[in-house]
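Look at the two complexes coming up: subunit A is in both, with subunit B in one and subunit C in the other.
This part shows the complex of A and B:
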């Protein structure tokens, strides 16, 4: 396969970036998208150019590290797929492919296609946990949890924290990510004692980080590689409003 | 050679850990604030240790090279985590889990450690549930279990096919809480490059800030490495791309002994290599062997599509050789037999794969049942290979998956450097020569939640620690060394990329120190590795600069360490002239071609002491004694 790549190159956070065009000839349809970028980088290195920086680690769709905006879509054109699970056979011979980083004020570019997602960690630090200590909690089966609740919590917990929801949203809202964690814990009995505090603290941190608001556009759900549903955002709103009425910080 | 002291406490097996916890000196709660601990790694072992120690009151500094602690390689584990809860009432117990693990490890693990692991396994499940980990449940609301890796009881807890993810996110949430409260200072995108040993104790680390390129030093009263396994020395493995041996290797060069480096685990059911561009391998859950039948054509060079090969011309080699276990033989046996048939020229596809066929299962159970059992695995396979496993057999081949070897630690998880503790896959402790499925997650969390937080207190309470800051000359010297090494890498400006040389090393190790090993091959590898190392230092090309985000430079440093470590692996494999678990020495097999242990001469853990690059390492032995599990030869016929 032959490809024309237009890749965002930006030396560092301060530098101005631009799209640079590259040609690749010998691409096998069996390669993954990231292996295609490996091939490009090997070529650039030998030719004395700077290889393209991009985040990746597991290459199995679970670590949430890979984060490319391909042809105007977060994680490319396939549904429920991360970049590292894309294969070249789903592209056409001779196609031109544009590759950009996530773009959002709260996720600034570090270099080329690599962004800083520290904001996500800080939102979790604000309240995305159950305050239990390592030690001697009760026997695991002392707390029966209906299967359907556990399954729903698991659906939400499947979020890999990649940031595609933010990248695909015209408001750069992190609502889908935040709602996934809030839902998981709101659906489980373990999450109840801190339910109000959690919703307020996480939403507050999300606002502080500079993420936009949700206006029900739905791109996040469409692009989420783990099929996190917008019903979680509805639950986030319920949790949040409930908390604003009932919760009083001591 | 010295004999190593494992510090296993006396007394009956069942009482050792409780008694030891009681005997360990305590640090008074108000004093805990005065102690600081560096934890390198945020996988199951590192995150659980950092969170638990911070809860106790220690000041924790936690490091990882990913952009977030939540992305450590543990996230990728699929199958599940073992515990001896006996919820299904099928006869499981702490003793049985202990017994299975010692036996599964082919009698090369320390009994006392394994028993403790089995003991705390139950606390792990309680702990994770308390954190909100959404384990699979039955309709009655109770936790669901499944059997795994050939165990005769159902003791595996799971969260869909994402158990590692959910356990790690649980530990990450506990860690995040401590970061938010200011008890843990988190350093992401940092790569530890050196361990600082000051007056004989581990007191700090030197890191590269992967964003700015700055060389940074950190000091503390103890250092914990939870930096994962070294499977990527083979270039292709199921590990995440960035997993590496650097932290452990650098500690080894400062005096920490490295134990059993040749014990590596090869997983039988992975998607085969599709070409030279291949960057990593993907694991397909072992559970597939419950219903899939493994075969190759009987005739060499038979290129007919599988459906045209009649039953009588198929070689179901596992079923024929192991009538009682059939396709369910343990990982090492299944892997090795796959290699044997491919070496005989019977492999399919590229020649380096065998069929895993579901046609019988689909006929017997119907496609729907098969879909319900394995749907997502079939989809994953289809996605990667573009072949439909409902219509034609899967092609599979073994791949490097896990490393049982690691830094040597005593019962307290302390290495041979005082104040350096090692947890999770990075240590050598509990799995002997072969790890059972669903036991790595258990061990990582046992070490981090339930062992280290106690034993580190014993170390602090019994040790004099002088004040050290990061202007100490030891740190300054290490910083200079790091900077020099980086500059050297950047100025070689040769003709080959880091990946290219890494691939050469990996291929050599896979051929000579992979699924089957023999003296001639190992000697050959031992001669070749220093040459590849020399080639690297003469002819590698690392672009860019030191003071910037530079992923090639990161890789170059890791591969430089793999090139030294690989040689030790081969040295260890040469020393161990017996076969055991994942280590199959062709010279040591039974008449039927099965692994033959030599307990008289090799019932020890081999702990290697570094003497210098290009110098022979020194072997120290920790003799292993088995008081509870009788030494027997495994048989799956």
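This part shows the complex of A and C:
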């Protein structure tokens, strides 16, 4: 396959970047999108150029590192697919493909296609966890959980923190991500002790990071590789209202 | 009460303010539309209704409340819109929508601004326009009743057309607003959300067509009368 790539190149966080055009001739349709970029980088290294920086880790669709805006869409045109699981066979021979980093004030570009997702980490640090004493595991089924709740919690827990929701939202809102992280714990008994405190702290941190506000247009839901639903955002609102009106700081 | 202030300044608190004030105006529009329908009953019925509405003391209180709610809706939307624009300082070179984003849903602030201009114009033209339903004034042949003022205003093609366009814009605004308000209230469930969405679309069509009926009717009836 032949490809024309237009890739965002930016030396560092302060530099002004621009789209640079590259030609590739020998791409196998069986390659993943990241492997195609590997081929490009090999070529650039041989030619003495700076290879394109892009995030990746597991390459099996579970870590959320591969974050590229491809052809105007987060993770490319396939639904429920991360970039590492996107294959060149779904592109046309001779196609021109634009590759940009996530664009959000809260997720600033560090270099080329790599953004700093520290904002997500700080939101999790604010309360996206349960505090438990470790020790021997308790008996199975000691905590009865309705199957529907377990399913909803597991669906929310599928979020890999990739940031595609922020990237595709016209307001760069992180509400889908935060709602998934709140929901996975709010639905389970283990999440109850810190439920209200968590909702207040995580939303506060989200606001501090400079994400936008949801306007209910569903771009996040459509682009999320893990099919996180906007019903979670409604749950996030309910959790936040509940916490606001019932939680008392000691 | 710091907690309440913090809540109202949070992203979700601001969204709630938008939703609650918005839903208030949704119910107000229904009442307003009901009143308008009296135009098609008779001139007297409509005049009697407008006299009561402009005369009753309780309505003065409601008017103040509405202005306050309207200002909250406008101020909050401006804040949210500024924050949302600031959240993406660098735009994409290429951006394709995959969700349910529409031109109208992405431009609520613009349709809202058009509605704001329209509302000012509307109040100035009718509520504070030159009319009197006072029996004493009736003997004056130049006096216009509310019905007369409405009929006269809409006999002008630009007036009638402007109103029709404005209420259609309002309809598009409401179509996205209605269902979004319920989402913001945290009411999203497979059981009833499809119903809310259908109701929202029906509601916005009824409002847009219902309010367009006045200008269209009066414009064409004076054309007939003239011919």
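Here is the rule we use: the second predicted complex is superposed on the first by the 246 of 250 C-alpha atoms of A that agree within 3 Å, B and C clash if a C-alpha of one lies under 4 Å from a C-alpha of the other, contacts with A are read in each partner's own complex, and residues count from 1 in each chain.
The working rule: a residue touches a chain if its C-beta (ideal position, glycine included) is under 8 Å from a C-beta of that chain, and two chains touch if they have at least 3 such contacts.
None of these values were measured; they are calculated from a predicted model.
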| item | value |
| --- | --- |
| First (subunit B), second (subunit C), both or neither touched by A:76 | neither |
| Greater residue coverage of subunit A in the superposed arrangement, subunit B or subunit C | B |
| Of all residues in subunit B, those that touch subunit A in their complex | 48, 51-52, 55, 66-71, 73, 75-76, 85, 87, 123, 125-132, 134-143, 159-160, 162, 164-166, 169, 172-174, 176-177, 179-180, 186, 188, 211, 240-242, 274-275, 277-280, 282, 383-384, 386, 449-450, 453, 495, 497, 499-500, 541, 543-544, 548-549, 551-552 |
| Contacting residues of subunit C [partner subunit A, same complex] | 3, 7, 10-16, 80, 83-84, 86-102, 105-106, 108, 176, 179-180, 183-190 |
| Subunit A to subunit C touching residues, read off their complex | 6, 8, 19, 69, 71-73, 79, 98, 100, 103-106, 168, 170-173, 175, 203-204, 206-207, 210-223, 230-231, 233-238, 240-241, 244 |
| Contact footprint of subunit B on subunit A as seen in their complex | 11-12, 28, 30-32, 34-35, 38-39, 41-42, 44-46, 48-51, 53, 55-60, 62-65, 81, 85, 87, 89, 110-111, 114, 116-118, 120-121, 124-141, 143-147, 150-151, 153-154, 157-158, 160-161, 184-185, 188, 190-191 |
